[in-house]
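Chains here go by letter, A, B, C and D, matching the order in which they are written, and residues are numbered from 1 within each.
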């Protein structure tokens, strides 16, 4: 069986509401819960690399993500990430050989009713097993090449550059 | 953009609770809701073929599913189906050429909290876009060949035959 | 602090979907989960008396409910119950003195998205603390006297007899 | 039938996540949805007075809440409110005669899975129909007198002052 190595970096998908602060923060990753609740039997390992809004990710953070991917023995790498700079991280990883790397996230926190988190993780979880080597953004039920993609914040979706 | 043709046949994924009957029945398909709520922009069309528990599907029903797939101009066919005889329907479709056909469903109705429906539909929605031509069962975060697969009811999962 | 004694008898509120049977059955009571998830600090005790659809309750079952209420030292008794014969059980309990007894349930299982279970339990949980001694049905955001009430199955609501 | 006049002021119960801002804000009130989804037949009217985090409520806002309650012809007044200053607003309303006024809210937004919103609204909805005239805070499955109550932020609950 093939190992799927899941790295979590934070982003909206992992946001929780802290009443004591009256604020919403990135919490512990929801990925293990999502994979368990959905009865996933594919071999996988979940590693929380960081817990950040993707607007706050630094060059050092991206280097840490890059290093984690390079250090993994797995051919199939799934990364959960805030949507605002997901494309930027995808570009940073573009040179990595011999791996299928898929980035996903969600526009609504996993803990919100009707969140897109479970669908998106499911979508990315198939994409990472079936796509050829390379780096991909898996959002909105579509596969994107980060080199030619951007997030359209107003529309709440990813689109290819014109 | 590629059209994904979604055919729904019923099954647990579409079950709803009818208080007036104190019973659970296959209701109108949830697929359009699932795809809308999850902000899917891939081109798709949802056709409800039937609303049946898969244990009740007849040879005529399977012939109707076969005919619907053959009649579709789409290369990418997603079928939602009860899990108990999903493999049987997969085998029936096995001879169809030049299409990627993916069957999925869920072990818990989509309208149940923590249902596996959204994840599974997301998973299948990527699989149908990325896999080579052929017929596949997409469940438990894994891709199965219906020719060598069965549902293990006690374990609540699909497994390859020994 | 006042003890609220919660007795569960089954009914739709506790129904769960069993994939291995392709059927919906009354499962272990959801009341403890509901009270815990909703951060309830009022003193309470949850006792599962039986796990039955209320159409299947026998005279013996109603006698057991009656005996449990009589044996309780608590003044405040909350009973969760299937809606179809909730009024009948209420009538059976009508003679009990010196206690406030409130029956509630739900039209959709607690584990269904958008179920009325949490609201109804919250509603009944206040009613049992605030109403004078007597027996009440608490459904649809209203307090009913079981002596003059019936369930309108088609409308999915409780109404007073004309 | 008795009219229940519901005034909403904002607070956590009505918070929604706005992806375009990567922030959580008080959205349109959820009260009408909560009452509709829970199949409430008691006569009620929902008026959104303001959409504010309760830490941002000013003396003018509290005067507006006071005036709305005074202007209502209803004897039963339910107010949804942020939890941080719910007690303060309760004290402001304390002098009002001939009405039962109940304040409630939630520690988790109504749109979060497992939110306490539906339970709390149900609880308050019974309290406002059954309690004698006066002003009450209905939270944590308990009825509090605002004159002697405070929110314990660390514990995430309301408690009586020692």
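Rule of thumb we're sticking to: contacts are C-beta pairs under 8 Å (C-beta built on N, C-alpha and C of every residue); 3 or more make two chains touch, one makes a residue touch a chain.
Here the structure is a predicted model, which means the values were calculated and not measured.
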item	value
Interface residue identity across copies chain A, chain D - same or different by half	same
Reference chain C; chain at largest CA-centroid distance	A
Computed distance of Cα centres, chain D from chain A, in Å	37
Chain B-chain D separation of Cα centroids, rounded to whole Å	44
Shared interface positions of chain D, touching two or more other chains	107, 113-114, 156
Complex contact set, residues of chain C against chain D	34-35, 37-42, 44, 107, 114, 116, 118-127, 129-131, 138, 140-143, 156-157
Contact footprint of chain C on chain B as seen in their complex	12, 15, 17, 19-20, 22-24, 53, 55, 82-84, 107-109, 111-114, 153-154, 156
